[in-house]
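Pasting the structures here.
Across the two complexes that follow, subunit A remains constant while its partner is subunit B and subsequently subunit C.
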Partner chain A sequence: MTELSRIWRETEYRYNLIGFKCNNCGRSYFPPRDICPYCHRESIGKMEKVKFSGNGEILSYTTVHDAPPAFKRQVPYTLALVKLDEGPVITAQIVDCDPDEVNTGKKVHMVFRKIREDGTNGVIEYGYKFRLN
Partner chain B sequence: MLNNVYIIGAGETKFGELWDKSLRNLAVEAGLKAIENAGVYSKDIDAIYGANGLAGTINEQENIGALIADFSGLSNEGIPALRVEASTASGAAAVREAYLSIKSGEYDLVVVGGVEKMTDIHGSSILEKMSSILDREWEAFFGATPAAMAALIARKYMNDFNVEKEALSMFSVNDHLNASKNPDAQYRNKLTLEQAMGATPIADPLNMMDCSPISDGAAAIVLASENFVKKNKKEGVKILSSAVAEDYLSVGSRESIYTLNSAKLAAEKAFKKAGIKRDDISFLEVHDSFSIYGLLELEDLGFAEKGKAKNMVYDDIKLNGRLPVNPSGGLKAKGDPYGAVGIGQVVDAYKQLMEKAGEGQIKNARYALLHNMAGTGASSIVHILGE
Partner chain C sequence: MSGIVSYGSYIPYYRIKPEEIARIWGDEPERMKKNLFILSKSVPSPDEDVASISVEAARNALKRKDINPEEIGAIYVGSESHPYAVKPTATIVAAAIGMPLEYFAADYEFACKAGTAGMQNVKAMVDSNYIKYGFAIGSDTSQGAPGDALEYTASAGGTAMLIGKDNVIAEINDTLSVSTDTPDFWRREGEPYPKHGERFTGEPGYFKHVIAASKAIMERNDMKNSDYDYAVFHQPNGKFPTRAAKILGFTEEQYKTGLLTPYIGNTYSGSMMTGLSAVLDESKPGDRILAVSFGSGAGSDAFDITVTDKMKDYKRDNAPTVKKLIEKVKFIDYGMYTKFRKIIITGDSVE
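Right after this comes the complex of A and B.
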């Protein structure tokens, strides 16, 4: 079973969609990273936390029929690559819609949801999902 | 060049759901076959490199190097044995480490083995373990599986380049046809295009026939220095080059989600070092854990333009085509025991180049390019073999 600290240390980013911006070149990143892959050591100390707007569009999507135990109750669910308005592309579920409504290029916004359950006695983990605008 | 490296023996277990065989049984079986095939003895062995992807999580067994050496009966000699881990590219990574160890002049004879025992875990729990080849915290955490990530890549690729699902399915059809001639393959049944198109959905547009199976299996090869080969009058296949390159761990971080940049870079390096051209290559073994990757690999390894691999999947890639792909049956039909895959590719290529591939033999096979890939393309390892 997962220790709470493993989840807790990422909650800031997962709950609020906080990533990093490199103040050397201006690029934004999600998931969080300490070093900009374009600026390398020039970026050290210049990576700044930023809260993203939560707005973006669907770059690609799939309906997942075969899932690990922690997601069994959600099957089938829609997983997508969402390109945030700020640039980064993130992997997240699209919820609250008929799977047929989902399409490439559709605008979405972030919502806060339950992500998974660690068995029946473990922690319930939360984070971002997206809804169609 | 000094210290040329040769493959002088190869062996593998059958790939498949091998209920009666354990992790160690498999590793030892493949290792012994390779050593016997090479005609060498334990006193000749300078070192062992063992490849494995997931024994720590699936079988709850680490310390794989020592385990392999021990149950191969080599503990008394104290022969060095290390495990190499590079996710689903562990096999080729171990081959490369062994190759470098001989190239450096340190060793003359090295055994490289890869093993994975994936059916030792119940039901869909295996999918949780397999998803560790992705970014656990930012892909798998949110419900991504290896198939789902491949599906996301496939959807955008098909949209942008106007590629029909049929082109992906043809890759699996070719794998099955080739595997029908490979006695070690997991699935030896021929697959019709209708069956490939109509299988149970996994993560659309991908269905079960676009996905490699869950496999047990092991493969091993014996590598030797030019000195050893000459002194002992051995025959073998030369490793012309070995190259590795990395890309971002998660798909979303990459500049183009359907470009396997690691494959591109590794292939460029490998061709440069081998001193041959793409036209010289007789056949490919590619890492098609999902059918879409087969098409992307043809493009990013440099055998088709982006979006154009669809033109190769009907005829060119066949066993008697212009550029045979996966004569072994590939990951879809030969099987996908993670840590064994990259070495299994070498086993098959060795047989082809030695003209010992039996029913699946390609005529005049001179040079082979092998591509073993980690995760969704985070690492690529390319080997070019020949002469």
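Right after this comes the complex of A and C.
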């Protein structure tokens, strides 16, 4: 229950890969940032909310064999650093493939999945994962 | 005239074969395959449910037609496996496709025809100018008790239909419903698995309603079976829709495109709508389609549809066709199936 506020606050970003773009230097960020870490005060008022395409490329990855209880049914699964076409690098699960199908440089696209459940009577958290193209 | 502006489907990646289920329960695989006309069924992965399937289907529909989500004024999700007993799936889907604050929304349940009931509702709202566009989604991760015949077919998948008056690729010329109070199949509140009233499943349930709705809509529109290019029916197994098609005088050529159950199983609320999606994947302007759903309890929704010239410019390839969705799959064994479907009892180390 303690996480309910966080889940609700992040829904828009996690459902639709919405981040921010600094219109001073052109860099994009996910998760959203109020200030560009490069432009600092010059970015104030110039951070624009943007929806990323959901397309990207695997920069690096690892296979998880020892997972937290919420992810145990999916073991072994792949966690990857995905570089979005718009620039930001995010950590996400790669679904619907065997771990040996995953490699650096492979193109991926975002899918909408259940992230975890708060027991059998709590809230269900949804968000982005990725699938090989 | 109002009709389908865009459509999209989603079917999970995993499959299980009837041979594997028969191996566990000591059934004769060939008999089950033949009796049910089933070759494999889709299985949702542990991180998939009706909300995620509905979102993927709706997003596929929006990939094919660039509609501003702000113009979508209603969303209805039909399912008998909504993730929450109380908290709508429709609002999760609406948030995931960026719909605005003001829209009509609800979750529907009428066994396997809740999605098509949504199509009728959205069409009525479009026709009465309450909304410009609306989504009707039929989606399920259906339940079949271990060891029950339903376990061979109960699968997962869904289809989203965007309905409006502008840019219509398939006009809905007419729609009607037939309904009775029939105890052919039910699931009580809080029960994990449905029950079926054996002798009511076939003739008094499926065939009575599907045949009556089909005949009624053909008669009302002065149509006969040979006037249709395609016919698609609710498909609890491969055998029922084939038999219904034959009773109504349709040829294999007319019903084979929309017959998906042999490959993906019964996607319940997604069943007829995904069959219709497969038909729209291959149809051309001028094609006439009869589409009839069935929901236990019981009732049928019938649709008379004509594909328009707008189909020529419609970007079908922007999202995976049903054929594509059933191409790349992974078969799993019964042990993996029980883990995915949460059938095995676990301790604290899992969830």
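One rule holds in what follows: the second predicted complex is superposed on the first by the 130 of 133 C-alpha atoms of A that agree within 3 Å, B and C clash if a C-alpha of one lies under 4 Å from a C-alpha of the other, contacts with A are read in each partner's own complex, and residues count from 1 in each chain.
Here is the rule we go by: a residue touches a chain if its C-beta (ideal position, glycine included) is under 8 Å from a C-beta of that chain, and two chains touch if they have at least 3 such contacts.
Every value quoted in this text rests on a predicted model; they were computed, and no experiment measured them.
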When subunit B and subunit C are modelled together on subunit A, clash or fit: fit
Centroid geometry (CA): angle subunit B/subunit A/subunit C, rounded to a multiple of 10 degrees: 140
Partner chain in contact with A:Ala70 - subunit B first, subunit C second, else both or neither: both
Subunit B versus subunit C as contact partner of A:Val95, first or second or both or neither: second
If touched residues of subunit A are counted for subunit B and for subunit C, the larger one: B
Touching partner for A:Cys25 - first (subunit B), second (subunit C), both, neither: neither
Which of subunit B and subunit C A:Glu12 touches, first, second, both or neither: second
First, second, both or neither for A:Lys114, with subunit B first and subunit C second: second
Contacts of A:Ile124 with subunit B and subunit C, given as first, second, both or neither: second
Minimum C-alpha spacing, chains overlaid - subunit B and subunit C, in Å: 7
Subunit B and subunit C contact sites that coincide on subunit A, given as residue numbers: 69-70, 72, 74, 115, 129
In the complex, subunit C residues that touch subunit A: 13, 45-49, 51-52, 55-56, 59, 83-84, 92, 95-96, 98, 330, 339-340, 342, 348-351
Residues of subunit B defined as touching subunit A within the complex: 123-125, 127-128, 131, 135, 137-145, 147-149, 151-153, 155-156, 159, 200-206, 248, 250-253, 257
In the complex with subunit B, residue positions of subunit A that touch it: 10, 31, 37, 59-72, 74, 77, 79-81, 88-93, 104, 115-116, 125, 127-129
Touching residues on subunit A, where the partner in the complex is subunit C: 11-12, 15-16, 51, 69-70, 72-74, 95-96, 98, 111-115, 117, 119, 124, 126, 129
